[in-house]
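Next come the structures, one after another.
In what follows, chain A forms one complex with chain B and a second complex with chain C.
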Partner chain A sequence: MEIEKFIDLLAEQFEETDRSLLTPETKFKDLEEWSSLLALSVIALADEEYDVALKGDDIRNATTIEDLFNTIKNKI
Partner chain B sequence: MAFFEFKNVKIAGIAAGVPANITLNNEQVIQSEDYDANAFVETTGVRQRRVSETLTTSDLCFAAADKLISDLEWDKSEIEMLVFVSQTADYILPATACILQERLGLSKECYAEDIALGCSGWVYGLSNVVSLLSTGSIKKALLFAGDAKKRAKEILNPLFGHAGTVTALEYIEGEKGFQFHFGTDGSGYDSIIILDGGSRNQVSPQSFELENFEGKQIHRLQTRMKGMDVFAFGISVPPKSIKKLAEHYGFDYLDADYFIFHQANMKMNEKIRTKLKLEADKVPYSMPNFGNTSSASIPLTIVSELKGKIENKPAKFICCGFGVGLSWGTVAFETDNLVISDLVELNLY
Partner chain C sequence: MSYNPYSLEGKTILITGASSGIGQTTAIECSKLGAKVIITARNEKRLNETFLQLHGEGHQQIIADLTVREDLDYLIENITQLDGLVNNAGINKILPVQFINENDFENILKINTIAPVFLMQRLFKKKKFNRNASIVITSSIGGVFSITPANAMYGMSKSAISSFMKFTALEMSIKGIRCNCVNPGMIETPLIDKAVLTTEDRERDIAKYPLKRYGKPTDVAFGIIYLLSDASSWVTGTSLVIDGGITI
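Presenting the complex of A and B:
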């Protein structure tokens, strides 16, 4: 599992946020487009691409995109 | 493993009652710090829904039953069982099923009970009715399912709508019957919860004080939903339950004509559909026009989306309810000459 590939997939969930704004250090919840509805897309992404079931707390406890990536990676 | 099969019972008819009043999910209704109305409608699929401040679940169910009994030309004296599935009963006690027995004019020789389940409730209630009917001791039964007006005034979450349904079942020897799979995960009991008003947290003046919960001001008699946890549960458990049922009874689930899922939200339901590789025209949705209607959602979808399409031919169904509990149930059955009543739209009593 590679973080750049994960960010590519994550970027597809956003409509208005450009891929170039997303880095491992990005605090995704500070992005203007982030919402609780978009969180559902991230949960679906983890399920579809990595067969990982993310909980609400996993999203709540993650600050950066790298945190999110590591949470998923640890559950594979 | 909670698998069950019961033979010699069939669904005779289905009807649904909803408030006539239509509430649109526009900017006036969707007020969140987090997202706008367009984003809400796009994700949940709920464009409008039916909501009433006066009609109870049993009012909606009663009207649906009145219509269905008449459409079926059933003699009320032959109906000897009534099950009411709801989390919005008329009173804390007695059971609403007892009230409906009298209101419908059914015989006193009648088995009546309430079942307190939500999204999975129609499938659970169905197993209850079908199992007893399959003994042949009684011949006709009614299963009510739905949710509407709550115990305390609230601004209803725009995901939800009100509906009351009735499913009429009868004992007929030689009918293929029903196959069920059920599951429960109480570790998620607080994923969807009303905190106060039960005996764990009694109702008190503090129950009505507004608190911030996930960006919304709500009181303690309102439903709190951990949306992300419910979503994660909803995309994983229903596909597994359907596959388990098919494997256990040795059939190919793709042979079914229709898959009716609890109408949770469009994003979740579409995820379930694509995971199971189902064609879109086999998976009808009522949620765009009626919202998430709790235990009414499966029968309401059959009434609102399949009326005029399936009555005169055999149809194979797989239905799956999942949610609050956490609780889930899947059922496979066939219909033939099913009676589907016109949607009953109610104004104030």
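Presenting the complex of A and C:
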């Protein structure tokens, strides 16, 4: 599992936010477009792509995209 | 003798999904009001836990997966005449529309919609209901009165069963059999996926409820009991919303 591929998948969930704005350091919850529906989409994405059951708390505890990536990676 | 128009004395009531949550509480409360209950669910251990909490005598427990034809046949063969049925078994999975998939949707539909439809169909065909029997379906506000993100599969299953309730109410009225739904908001049961919601999400969600709390299983059980009892003799084809005011 590599982070750039993960960011590509994550970027697909956003409508307004350009892929170039998403880096491992991006604080995703600070993005204007971030919403509870996007959080649910990330949980569904982790389930569908990596077969990982992400919890709401995992998203709450992650600050950057890299944090999110590592959380998923550690659960694979 | 105390006056109680909601008494279930002398009634035999079949309750599905009785091993936890709303079904379990409904079974126990019905037994307290004098009903003989027949409880069914898939999990033997948990169903027995419900069984041990029933008040009074003459109750029955039958392990069955209502999505399996043989289990359904076995259940139908092994029950007596009914005065009431509570279709309560249900599951949920939270997924945004673009992530829904056939596998999860089929599973949800099988348990929430198809199983209760064919349980009722078979019970009608085998003439298992006494005259003046009452059928209650645990629907939801979700998909029927309330549309929220990521709840499409569940909402569709509940909206379909709510529709079936009305057809049944109309067609069975000639036999004096009533059919109604209860439509709960968020109830504190094992069905709530605590993993998806964070504590903060939960608190934010509760704050939206005019009565400032999620429901308890008894909040729904008492609505079901009203619809099972003779107090609701002239009520059929309705949806009783029990939701702390969230859909106001």
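Here, the second predicted complex is superposed on the first by the 76 of 76 C-alpha atoms of A that agree within 3 Å, B and C clash if a C-alpha of one lies under 4 Å from a C-alpha of the other, contacts with A are read in each partner's own complex, and residues count from 1 in each chain.
Assume a contact is a pair of C-beta atoms (placed from the backbone, for glycine too) under 8 Å apart; a residue touches a chain by one contact, two chains touch by 3 or more.
This structure is a prediction, so every number in the text was calculated from the model and none was measured.
After overlaying the two complexes on the shared chain, residue contacts for A:L45 are found with chain C alone; chain B is out of touch.
Shared-chain residue A:T64: touches no atom of chain B or chain C.
When the two complexes are superposed on chain A, the residues of chain A that touch both chain B and chain C are 36-37, 40-41, 43-44, 47-48, 53, 55-56, 59. Interface residues of chain C, counted against chain A in their complex, comprise 94-96, 98-99, 101, 149-150, 195-198, 200-201.
Interface residues of chain B, counted against chain A in their complex, comprise 34-35, 39-40, 43, 214-215, 226-229, 231-232, 235-236, 267-268, 271.
Those residues of chain A whose C-beta lies close enough to touch chain C in the complex are 36-37, 40-41, 43-45, 47-48, 53, 55-57, 59-60.
On the chain A side of its complex with chain B, the touching residues are 35-37, 39-41, 43-44, 47-48, 53-56, 59.
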